[in-house]
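You will see chain A twice below: alongside chain B first, and alongside chain C after that.
On to the complex of A and B.
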C-alpha cells in the first residue's frame, strides 16, 4: 500500500534559512495541488516576510531582538504551523485543519535536521538540503505522526 | 460564552484605506505618523497573507468561494480575519489561543451595516466617525469579553 496515495492529513514541509530562502520542500500528500518549484521558492520567501511583518506589528517597542512572528495560520481548508529556531531557521508544515499535533512533529523534525543535516560533514549551513538520509527519516516521522494523529482523532 | 477579549479592531476598505481603528486595551499611540504606519503595515500584512494562502492552499481554488482565512497567531497576539463579498476587511487582534471569532466578526459586520451603511450622513468609503457605531461596538466587545 503506497503511503502517498492514502488521504494524508499532512500536506507539505518547508524549511527556510535565516535569509528567507527555501532550503527544503517536500510534498507528503498526492492529493495536494501541484505547485511549481519556482512558486515554492517564491512562497517560502513571502512567508519569511510575513513572519517578520507579523512580528513587528506585535511589538509595541521598536526592540527587535528575537522576532516572534506567525506560529499558526488557520484557514477553512488547511492549517500551517511554524517553528522558528534560535538560529533563524524556520520549519513550517501545512496540514489538515484538524491536525493538532504539528507542534511536536515540528520539534521532532528540528531534531532530525540537527542529527542528519547539521552533523553531515559535507553539508554547508544555510544551503539547500539534498540528503536522502534526512528525507527518509522525515518521511517516516511524518507518516507515523499522521497515523497516530488520525487514530487519536477517531477515538474521540 | 467563553470570554473573547478584543484588543484592537480594524476595518479596511477594498482599496486598502483604513476606515476604522479602535483599541480596547492599552493606550492609543500618541504619534499620528506611527498610527498611519500601523494601518498600512496591517493592510499590507493581510493582503500578502491572502495571496500567500491562495497560492499554498492544497485544495483547488475553484472549490472555495468563501474567504478561507480564519486567523493567524504569533506568540504575542492572535489576529482574526473576515472579508465580506464587497471586499471589506475586518480584523480583530486578541490574546493568543482565543477561540474562533468568525461569528463575532460577523456580528460586528452586522453592526457596520446597521449603524454605518444605513446612516444617511455617512459617505461610503470614508473614515468611520459615528458615535452610534462606536457605542454599539463598545457594548458588543464588552459583552463577549465576559
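On to the complex of A and C.
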C-alpha cells in the first residue's frame, strides 16, 4: 500500500539551518501543490526571515536567552508548527488545521536528526541532508503520528 | 525538589533510554585511537591537541542529541549550564556521576568525576606522563557549548591515570556569542 496514495493530514517537512538555508524538504501528501525546489529554498528563507522578525517583536527578557519566534501559524487551509533548537536549526511541518499532534512529532524528528544525520561521519553539518536512513525513519514516524492523530480526532 | 535533583533524575532517566554499547569495546577503541595518534605524531603535546580537536568535532554534533533527548530548555546562567553537563550530560553519555565545584570566579567551574569508562584498563607509562588521555572529553564540552553560543576553554586538570583521586575538567567561560542574524549588516 503506497503510503502516499491515501489522504495525508501532514503535508510537508522543512528543515532550515542556522544560516536560514533549506537543508531538507519532504512532501508527504499527494495533494500537496507541486512546488519547484527553487521555490522551496525561497520559502524556507522567507520563513527564516519571518521567524527572526517575530522574535524581535517579543519583549527583551534582559538576560542572554535566545528570543523565541514563530511556534505556530494557523490558517483555514493549513497549520504550520515550528520547532527551533537551541543550536539554531528550525524544523517545521505543514499539516491539516485539525492536526494538533505536531509538537511531539517535531521533537521525534529532532531526535531522528540527531541520530541518523549527525552521527553520520560523512555528513557535513549545515549542509543539505541526503540520507535514506533519515528519510525512511522520518516517513515511518510521520505515518504513525498521522494515523494515531487521525484516530484520536475521529473518536472525539 | 531542587533543580539539581531534577537534573540528576533527568540524567538517570535519559541514560536508561539511551542505546548502550559494550564499555570494553569503547575503552579499547579509544585506546587504539590514542596509541595510533602517539605513533603518528610522536609528540605528546600534539596528541593532546589532536584529542581535543576530535572531541570538539564530536561535541558540535553531540549537543543536539543532548538537547533533543533530554528536552532541556535554555539554561538561565552558567551554574545551570555546569550542572546540566555534570548531572545530565556525563550521566547519559558516559553513565557516570559527575560533580560541579565552583572556580576562582563566576566564570570558571570544575567538573569532577570518577570511573571514566575510557580509562578502565589503562596504565600511563612514565614517558607519557604528560599525556592528557581523556582530553577528548575536554573537546566535547568545548564543542557542545560553542553550538549554544558559549566560547569556553577547557583543561584536564586532574586525572585518575596520573594518580589523582578524581579526574577534573576545568572550564572557563570566555564569552557569550550574540546570535548572528543574517542581514544585520545589510
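Everything that follows uses one rule, which is that the second predicted complex is superposed on the first by the 150 of 156 C-alpha atoms of A that agree within 3 Å, B and C clash if a C-alpha of one lies under 4 Å from a C-alpha of the other, contacts with A are read in each partner's own complex, and residues count from 1 in each chain.
Rule of thumb we're sticking to: a residue touches a chain if its C-beta (ideal position, glycine included) is under 8 Å from a C-beta of that chain, and two chains touch if they have at least 3 such contacts.
No experiment lies behind these values; they were computed from the predicted model shown.
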Problem - Room on chain A for both chain B and chain C (clash or fit) - result: fit
Exercise for the section: Name the contact category of A:101: first (chain B only), second (chain C only), both, or neither. Expected result: neither
Exercise for the section: Tell me which partner A:28 touches in the superposition: chain B (first), chain C (second), both or neither. Expected result: neither
Practice task
With the two complexes superposed on chain A, say which partner A:80 touches: chain B (first), chain C (second), both, or neither.
Solution key: first
Practice task
Scan A:53 for contacts with chain B and chain C and give back first, second, both or neither.
Solution key: first
Exercise for the section: Give one of first, second, both or neither to describe whether A:119 is in contact with chain B, with chain C, with both, or with none. Expected result: second
Exercise for the section: Would you sort A:134 into first (chain B), second (chain C), both or neither based on which partner it touches? Expected result: neither
Exercise for the section: Would you sort A:110 into first (chain B), second (chain C), both or neither based on which partner it touches? Expected result: second
Exercise for the section: Based on the superposed arrangement, let me know which partner A:20 touches: chain B (first), chain C (second), both, or neither? Expected result: second
Exercise for the section: In the three-chain superposition, say which chain, chain B or chain C, touches more residues of chain A. Expected result: B
Practice task
Enter the shortest inter-chain Cα distance between chain B and chain C once the structures share a common frame, rounded to whole Å.
Solution key: 13
Practice task
Go through chain A and flag every residue that touches chain B in one model and chain C in the other.
Solution key: 49
Handout entry: In the complex with chain C, residue positions of chain A that touch it
Key = 19-20, 48-49, 52, 63-66, 85-89, 107, 110-111, 113-115, 118-119, 125
Problem - Contact footprint of chain B on chain A as seen in their complex - result: 11-12, 29, 31-33, 35, 39, 43, 46-47, 49-50, 53-60, 68-78, 80, 94
Problem - chain A-touching residues of chain B, taken from the complex the two chains share - result: 26, 38, 41-42, 44-45, 48-49, 51-53, 55-60, 64, 66, 68-77, 79
Fill in the blank from the handout: Seen from chain C, its contact residues with chain A in the complex are 60-65, 67-69, 71, 73-74, 76, 147-149, 176, 179, 181-183
